[in-house]
Amino acid sequence: MTGTMNDAIEQALADEMRRDERVIFVGEGVATKRAAIAREFGAERVRNTPLAEGIIAGTAAGAAATGLRPVIDLLFAPFLCYAMDEIVNSAGKLRYISGGQFSFPMVVLAGTGSGWGVGAQHNHNIEAWFAHSPGLKVVMPSTPADARGLLKAAIRDDNPVLFFADLALLYVPGAPDDADIALGQAAIRRPGRDVTLVSYAKTVGACLEAADQLAADGISAEVIDLRTIKPLDEETILASVDRTGRAIVVHEASRMCGVGAEVAAIIAEQAFESLRAPVLRLTGPDAPAPASFVLEQAFAPGAARIADAARTLCQSSRAPTRDLADA
Amino acid sequence: MTGTMNDAIEQALADEMRRDERVIFVGEGVATKRAAIAREFGAERVRNTPLAEGIIAGTAAGAAATGLRPVIDLLFAPFLCYAMDEIVNSAGKLRYISGGQFSFPMVVLAGTGSGWGVGAQHNHNIEAWFAHSPGLKVVMPSTPADARGLLKAAIRDDNPVLFFADLALLYVPGAPDDADIALGQAAIRRPGRDVTLVSYAKTVGACLEAADQLAADGISAEVIDLRTIKPLDEETILASVDRTGRAIVVHEASRMCGVGAEVAAIIAEQAFESLRAPVLRLTGPDAPAPASFVLEQAFAPGAARIADAARTLCQSSRAPTRDLADA
Amino acid sequence: MTPELKRLALERMMLIRAHEQAAVALQQSGQAPGTCTSVGQEASAVGVVWALTPHDEILTNHRSAGHLLARGADPRRIMAEIMGRADGYCGGKSGSLHISVKDLGVLLTSTIVGGELGLVTGVALSRKMQRRPGVVACFFGDGAACEGRFHESVNLAAVWNLPILYVCENNEWQAFVHRRETMLTERIGDRAAAYGIDGASVDGNDVAAVHDAARAAIARIAETGKPFLLETVTYRLRGHYEPDDQAYVDPAELSHWLARDPIHTLRARLEADGHLSTADFEAMNTRVARAIDDAIEFARNSPAPSLSQLTTDVYA
Amino acid sequence: MTPELKRLALERMMLIRAHEQAAVALQQSGQAPGTCTSVGQEASAVGVVWALTPHDEILTNHRSAGHLLARGADPRRIMAEIMGRADGYCGGKSGSLHISVKDLGVLLTSTIVGGELGLVTGVALSRKMQRRPGVVACFFGDGAACEGRFHESVNLAAVWNLPILYVCENNEWQAFVHRRETMLTERIGDRAAAYGIDGASVDGNDVAAVHDAARAAIARIAETGKPFLLETVTYRLRGHYEPDDQAYVDPAELSHWLARDPIHTLRARLEADGHLSTADFEAMNTRVARAIDDAIEFARNSPAPSLSQLTTDVYA
């Protein structure tokens, strides 16, 4: 069975709404755009809203704390800027502030990333903001199957989960098969010996392409797809770098205080003895997203840049400390 | 002349409002709480507002783009969650989106950090969010003099600057002498040979305390106060680590995708050859800020934790790669 | 309200006042951080909360002591929370600014102004979808009415027919800004019309009037299935947050309202109507004083939370 | 409006329509990304914008082509921007959704719904503090009126006496949600009362009526020093964003409004009044067609922005 990530999201929603009548789906136009879901589950559980992201997110938090399990679609990541208080200060903190009296089983859906030419007020990769904030979980899949499994896991989770869909991947055909995927587990998309490429969302594809090019040069690259950004699967990352001794973190989001900074810092702290070379980051620039096609296509790091960086890294490397120690 | 960081902020405001009549000061109660400023500059330039952070920030952005230089006081960092759209999507992006037609000379003031026992909806260190976002600058001083110099530089800057005041430092007496301080320049608070402690705001004091303790053990710690978080003074950090070969990044904000992650990643990428030990991060926990005094005091890393980490680091170190290379 | 109920209301209002005065004293003697007291607003709290059934729910904000005590919260656990102790309603993690008591239906208390407005629609939606009768009362200030979330919340509740009693406690101040600096209209209750729902404004210092208005509003919600916007016109007799000398407050305005102190006026009315003897009042005073002394004693003896609590209750 | 001015308005409305149809065709043939067209709303744009002086300023949103062209923006540079070319008004960085033209006083165009409402108060504050006469017109939709920022913006403008002409273009739709799903009241202009300012609602498909209402509103702003809330009641004749088959739209509603197409009705009225001959109309058609052909030609020949542009214009 084939389908896109968009289909997978709809399937996961339908699966969970069938399984658990507490799950509701709310947002600007969700009942119109997901007509099949609206038909099956009805107007009480599938709700269009006025145009007001803040109250959509606040309604979800209030409903989550009192027995429902809302999934809200805020459409595009920059629109979350209108809902930061409800997501961060309410859903993320009121469990703690109240001494554990409440929990917030809710999911926030949003699209982001280059691919649609819609510009910086529709496209801004801000997943790192939520990883930095307490009480929240963050998911950003790269395949339809992961989208389906991770969205189901997110809906079943008792914490607020931010689910970001990469716009460039949303309508790419794939196989949204129905496997359970726990939050917090990275996937090794391609095993390798010489260098670890850590990524998520659209740049996973660029890493796999780069790995093909590198293979031609006799460099064996391992590609890790984080899938879940928070909680972060540190074990998988560290185990890989312990084997390869080299790491490059790749994502579309901008560099400073991004997910790549976190991954690089974890490696520098916990895999230091295994490192044979500097930990590199390849990211989008410190700039808003341009609308113009040519500029937008140049925003996220591509396979060529990744392969070049990996080659340089593999040339300029030394033996890991643990071996040097015996030297 | 002595004064607190709060005095320094008021002095910097008065200095700049005297120098440039385009500077205005706007916020909930600013005219009431800064009565001297209100008296000197009048009701047109010093404005109380209705209780609505979003429109305060939006008004600042709109005014900045059309000839004024607003300074807005949003009181406490978590309240910025109501103004994220205006700060990030408007002030941070509309220069780029418009192809350079507008600029946004504005300053956003907010307090944060443990010290007042006001809990997680008044205290949340989110400076990393803005460092991650394009078009913005971020300042977080640790002394009255830096607060004064950096706020003046922020007001004169043609870009939106977020100015965070650490609540624990706001009323500590000091010397707010009137030195010009450019944005983007870290300060070496204490020179040292063996380990670099990189920090900002309240934890700079903890690092200096730790450095004293370490000196007693014959460990010479260099303490760097970032002062400006974006643009980040990479040169000063890297030059120091090239000398010491060891780095610990310390801040109150939570760990994941924080400023410490960025600093550690930069070191792991650009000072790798000089490193003699893993790059460590000591940060606040992945938790909201508690109100209870004892819990709040335990939130940010203290001198003892820092000194312990530095000791361990200095014991378990090896020669830097550049020497090993000749080995 | 019957004379008997009014007497009970007077005593509860005295309890709230005594609690706030104790919190002030603790702050002044350095034993507790500052708080936002509800001194002067006791009638609004008791009048509305006593119009609710035990199954109704309440959302409140930074100025919550009146609502909590009116609802029957334990003064000892409130005081322990204010002092950041382990026996506080939130284990000391909240402090005074966002005390929730789920067991009493006081939910999701937030100190973000407008926070309660953003959350109440979801609480009411759960109630409606779970077919639970009754209402959710949402207390917020005249300042919160300036936040965009007020507009979004009332509009969504109106469109979705959510059973919400919006209670705007208009105390003329928004921290250090007078309400008149923030809006051109006088009556916040009138804004209901913009959302196609009913609203009313009532003398917030007259507990019986507030109680009647709240009961009428709740009846109207049952009738229409729509939210109701009730404004209680009252006044913040102390500063915004302790300590606050209120140097910025017009003395004439303050004395005007001091003369309309809801406790003094209620007591005077009850006495004039022969429903309250000096002995009754003294007895109330004694009971209230004892309750607050117990609360302080309890809070002082409550341990500080253990450091392990720093990172608990973050994730479910 | 004089017959002469009406004829000019008709031609400008035809230009807007032709521009939008060209943008649709380019999207359909894969030569441009989708756009939010203003088909059906041309009278609202021309009627309001032509009531402004060259010194007045305009803030608009994602559905801006009508406002831009009414103001006199160059169709060639708009088309180039839509196609992401170097000669676009924003060098291709904006695309169709947030085109600003500072030289024409079209400022800070945002596609965040409510963005213009959040920014206009600051633009008007600058104007006021710089003692520049005139007004700032702020175009937003019925959906934006549901955002909290609407409430915050109008309230602040009222309290601060800012010279803002708020123009709510109520086209009955908010992307894929009908306006009636989002509010209980019919007339957004009536909300002015909640803020203590004046407001009005006008037939947004009658360019002369819109023009008169806008001029009256601007006069009123000069008189009172306060903002004014003008609602233009119109309809979105095409989908929200190309491509959009509008399968979700009630055909009866659509045909009701198709019969009230602002261009057809204006043309018919002018012809009936003997102010427009077939020859006049054909001449207009020809000029409009040529202008749009030039625009497409210009945009096609405009180069893509150089890659160095990826990181320019981020910091001042």
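The chains carry the letters A, B, C and D, assigned in the order they are written, with residues numbered from 1 in each.
Rule of thumb we're sticking to: contacts are C-beta pairs under 8 Å (C-beta built on N, C-alpha and C of every residue); 3 or more make two chains touch, one makes a residue touch a chain.
Bear in mind that the values here come from a model prediction, so they are computed numbers and not experimental data.
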Chains contacting each of chain A and chain D, listed by label: B, C
Chain separated most widely from chain B, comparing mean CA positions: D
Chain centre separation (chain B, chain C; CA means) in Å: 37
Between chain B and chain D, centroid-to-centroid distance (C-alpha), Å: 42
Interchain centroid distance [CA atoms averaged], chain C/chain D, Å: 45
Of all residues in chain D, the ones touching two or more other chains: 91-94, 98, 110, 112, 114-115, 146-149, 152, 155, 159, 181-183, 314
For chain A, residues that touch 2 or more chains besides their own: 49-50, 52, 54-55, 78, 81-82, 85, 89, 96-97, 119-121, 134-135, 286-288, 290
Topology of the chain contact graph, where touching chains are joined (line, ring, star, complete, other): complete
Partner chain A, residues of chain B touching it in the complex: 78, 81-82, 84-85, 88-89, 92-93, 96-97, 119-121, 124, 126, 128-129, 131-135, 230, 232, 253-254, 256-262, 264-265, 267-270, 272-273, 275, 277-281, 286-288, 290, 318, 321, 324-325, 327
Interface residues, chain C side, partner chain D - complex: 146-152, 155, 158-159, 181-185, 190-191, 193-197
Contact footprint of chain C on chain B as seen in their complex: 28-29, 32-33, 48-52, 54-55, 78-79, 81-82, 116-122, 285-288, 290-295, 298-299
Footprint of chain D on chain B - complex, ascending: 24, 44, 47, 49-50, 52, 54-55, 57-68, 70, 85-86, 89-90, 94-105, 134-135, 158-159
Residues of chain D that touch chain B when the two form their complex: 88-94, 98, 100, 102, 107-110, 112, 114-115, 117-127, 129-130, 148-149, 152-153, 155-156, 159-160, 312-316
